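In what comes next, subunit A is part of two complexes: it sits with subunit B in the first one and with subunit C in the second one.
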Partner chain A sequence: MRAKSLGKKIAFYVGIVLVWQALDMASIWPDSVFPSPYEVAEDLGYGAADGTLWIGIGTSLWRLAAGFAIAVAGGIMLGIFMARVNTVNETIGSIVLGLQSIPSVAWAPLAIIWFGLTDAGIIFVTVAGALFAVTINTYTGVKSINPDFIAAAQNMGAKGEQLITKVLIPAAFPYLITGFKQGWAFGWRGVVGAELLFSFLGLGFLLNVGRQLSDVSQVIGMMIVIMIIGIVIDGLIFKRLEDKVMARWGLR
Partner chain B sequence: MAKLEAKNIVKYFEHDGKPLKALGGINFTVEDGDFVCLVGPSGCGKSTFLRIAAGLQKPDEGQILLDNRPITKTGPDRIMVFQEGALFPWLKVRDNVEFGLKIAGIPESERHQISDRYLDMMQLSKFANSYTYQLSTGMRQRVAIARALVMDPEILLMDEPFAALDAQTRDLLLVEMQMIWQKTKKTIIFVTHSISESTVLGNKVVVFTHRPSTIKKIIPIDHKRPRLVEDETLIPYQREISALLRPEVKATEDSQ
Partner chain C sequence: MKILPLAGAAVAALVAIFVILSVVSANDPDKNEVRVAFFANISHAVPIVGIENGYYSDQLGQTQIKTKIVDSGPEAIEALFVNSVDLAYVGPAPFVNGYVKSGGEGIKIISGAANNGASFVVQKDSTISGPSDLAGKKIAAPFVGNTQDVSLRNYLAENDLKPAEKGGNVIVYNIANPEIYTIFAKGEIDAAWVPEPTATMLVENLGGKRLFQEQDLWPNKKFPSVLLVGRADYIEKHPDIIQKFLLAHEKSVEWINQNPAQTEATYIKFYKSHTGKTLPENIVHNSFSQISFTNQIDSDAIDLFAERAYSLGYLGRHGYSLDDIYANTMEIIQWQS
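Moving on, here comes the complex of A and B:
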């Protein structure tokens, strides 16, 4: 079953490259607009050889990790308070949905004014992108906890911080993971978007450099790298975490 | 000696925006070491009474005294066993059983010692490292009972814990529950909708009326143990309780 699905995937990607190659060989568009797969691979190879690609990936991932960590910590706290304290929900809660509808890159101008062209500014954009997805899913998760779990825990003496860390967070965890998945994806868009605007290292910066040099191979190459990182993080980290939690919580 | 005294407990529910009187003044006394079963028509508020005793809900009038002190909030001196167990799926069986001990800050070696004893008593030792979704419903209720017993509560409050079990599993647990009671000498209040269950378990059966509920009668049952569901000596009690409940169930249905 797994082998079959893997075979289909490989066939699909080989197919894409072949179609791409065929389109290139048909010479419909000039090479400066539409490069061949080989040219893109070669461009990525140069980047890998001189280290700029790895520095770009490392920088972007570091910013993502920092922003995501802050968003997770803040989002969980905010979500729990919204779910447990009515006043918080009626006040802050009402604005969270609105804030989530702001595309993360729209925070970039504010970040530049507040933090300048620094790592902190880009991390701020990342946090702004990821925070509210984590918050909203935490809120939903805590609201959906079986009330008997909370009653039983309180009955056994749990309150305050212990109730939060030992019951509310683990009980809401399947929802929290949904929040993490959405949050990191928004955060990743935030990182790349901010790097485009900030022009200060990272994959978004390399993407923009490609445009400035009219190097279409680099532009497409960077987009592929950004996508691959997305697939890898989702599959390697979040999918596994989700599978584990779903099994453990007896949800499948 | 009176362990728990219910004094004129009144509780309203919200029903279609209007207050509905569920408990209309509950008065009774549970002696130390009693195994009291509460029976009544569905919706009469017997589970609500249990939650008030647990401190999970507040009465609108009256109070419940535990060892002569009024109950104001929830706490581990009155441990509740829930109908669906309310076990934590993210914890292994042992960690579920030790949950309250951990909250109380008891060190790990001591926790293990205590949980080992009750896991053994509930025949759960070989499932200590399982997750609850891997267990049958009957096994899960054993875990829930073990989790309650480790807290060594003054009183055990059980809310229809066997309602979701198949008949064979339930009959087995009915016998074990009596043995646990004799071994631990715990005071137990046990809510059930099953008349036979109440006569097998209780040394007193408290019959609730329909809403607003009061106590209709308290029936003492002094029979040797372990009693079985099929014991013929229990039939007269079951008939009596049945006769007491019939008009209450009828009144409940008529009011709906």
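Moving on, here comes the complex of A and C:
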């Protein structure tokens, strides 16, 4: 079964490349607008050889990691507060959904003004993108905990920090994972979007360089790299984490 | 296996959408008009003055001239490629890049327009006095692949410095001129390699020090900064329009050289109507004095730009050829007669 699924996947990707190559060979558009898969691969090869690609990936991932860590810490705190303290929910909670609807790139102009063209500015955009997804999912997770569990823990003397770390977070963890998954995806978009606008290192910057040099191969190459990183992070980290959590919490 | 025909249909639909979109976006080529792109920079005084004084419309008669003001050379080249303009006033670096990227077919140089007019400006209290002080510094230049960007990165490379994205320790910010002005004012950058009037504005308004003028680094102390270029297919199809356009272009160059004070006034007026901002006279005057307007083409300098861009990796890795970069205007004139 697995082999068959893998076979389908390979056939699909080979198919895409073949159609792409055929379109290129049909010469409907000039090469300066529509490059061949070979040209894109070649361009990526150069980037890998002179190090720009690796530095770009490293820079973007570093920003993602920093922004995501802040968003997770902040989002869990905010989510728990919202779920446990009614006043917080009625005040801050009412605006979180609205903030969540702001595309992360829309934070970039503000970040440029506040932080200048710095890593901090791009990380700010990443946090703004990821924070509210984590918050909302944490809130939902804590809200859906069986109140008896919390009451039982409190009867046994758990309170404050202990209640949060030993009861609320573990019980809400499956939701938290969903929040992380959404949050990192929003954060990743935020990183690349901000890099496009900031034009200050990273994969988004390299994509922009490609555009400014009329180098479509580099533009498409960077888009592919951004996508592959998305697939890899989702598949290697979050999918596995989710599977483990689901199995351990007996949800599957 | 029902999935295969389904997938085939999906791919076909996607391709169809793509083709339709690209057909819809293409302009009608037979319209009697010429669309020209240029910048709101003072080095682009040739089209600005020519339009203001009516030289183009006088020459072109029935043919409408449509203008598109862009922010950067790469943007102008992009506009040529996607057929949203026919001619453009751009720097040599974006031209060379576009020429090589289009396989030497897309665009050609019709005439020169301006020389010089870019400077390296450092902060007023800066300790930078030469290339050896640039390690670890933050320097801004307009868009990647633009003329100043090529000069800056070449200058860094010649002095064994590498930009951060290649693992070096000089951070190069590629942002638009107005933003360079803003971050220079905030002190977020140490230096900027910028065209006029931004360079003079950094000096006059923000107390920046003009460390050197770019022409100081060039043989004969001059380099081409603005060229008149066009889409090859347009030039071939409309030699009459190109001829008339060129006559107006030359008239404009001549007038600018004879009437510098009026040119400055015309530019201030144009800038006001384009951006809503009034540029102080002294800024315009000092910027203007940095630039020389000419329709001569310094082909050696253009070759040198290409060499530099190539060594920066901007022109791919398969070598390049500038064999056919000039529109044969002699030929155009013969057709005309």
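One rule holds for everything that comes next: the second predicted complex is superposed on the first by the 252 of 252 C-alpha atoms of A that agree within 3 Å, B and C clash if a C-alpha of one lies under 4 Å from a C-alpha of the other, contacts with A are read in each partner's own complex, and residues count from 1 in each chain.
In this section, a residue touches a chain if its C-beta (ideal position, glycine included) is under 8 Å from a C-beta of that chain, and two chains touch if they have at least 3 such contacts.
What you see is a predicted model, and the numbers here were worked out from it, not measured in a lab.
J.: Based on the superposed arrangement, let me know which partner A:38 touches: subunit B (first), subunit C (second), both, or neither?
T.: Neither partner.
J.: Under the stated touch criterion, which partner chain does A:116 make contact with: subunit B (first), subunit C (second), both, or neither?
T.: After superposing on A, A:116 lies in contact with subunit C but is clear of subunit B.
J.: For A:155, decide between first (touching subunit B), second (touching subunit C), both and neither.
T.: In the superposed model, A:155 contacts subunit B only, not subunit C.
J.: For the overlaid complexes, name the partner, subunit B or subunit C, with more touching residues on subunit A.
T.: Here the partner covering more residues of subunit A is C.
J.: Check the residue A:13 against both partner chains and state whether it touches subunit B (first), subunit C (second), both, or neither.
T.: A:13: touches no partner chain.
J.: Of the partners subunit B and subunit C, which touch A:146 in the superposed model: first, second, both, neither?
T.: first
J.: Residues of subunit A that sit at the subunit B interface in one complex and at the subunit C interface in the other, please.
T.: none
J.: Can you check the complex and tell me which residues of subunit A touch subunit B?
T.: 146, 148-149, 151-158, 162, 166-167, 170-171, 173, 248-250
J.: Quick one: in the complex, what on subunit A touches subunit C?
T.: 12, 15, 19, 23, 28-33, 46, 50-52, 55-56, 116-118, 199-201, 205-206, 208-209, 211-215
J.: In the complex, go through subunit B and note every residue touching subunit A.
T.: Subunit B reaches subunit A through residues 51, 54-56, 74-76, 78-80, 82, 84, 86, 88-91, 99-100, 102-104, 131-133, 147, 151.
J.: Please output the residues of subunit C touching subunit A within their complex, sorted ascending.
T.: 7, 11, 15, 19, 22, 72, 74, 77-78, 81-82, 97-98, 101-103, 105-106, 143-146, 164-167, 171, 173-175, 183, 186, 188, 313-314, 316-317
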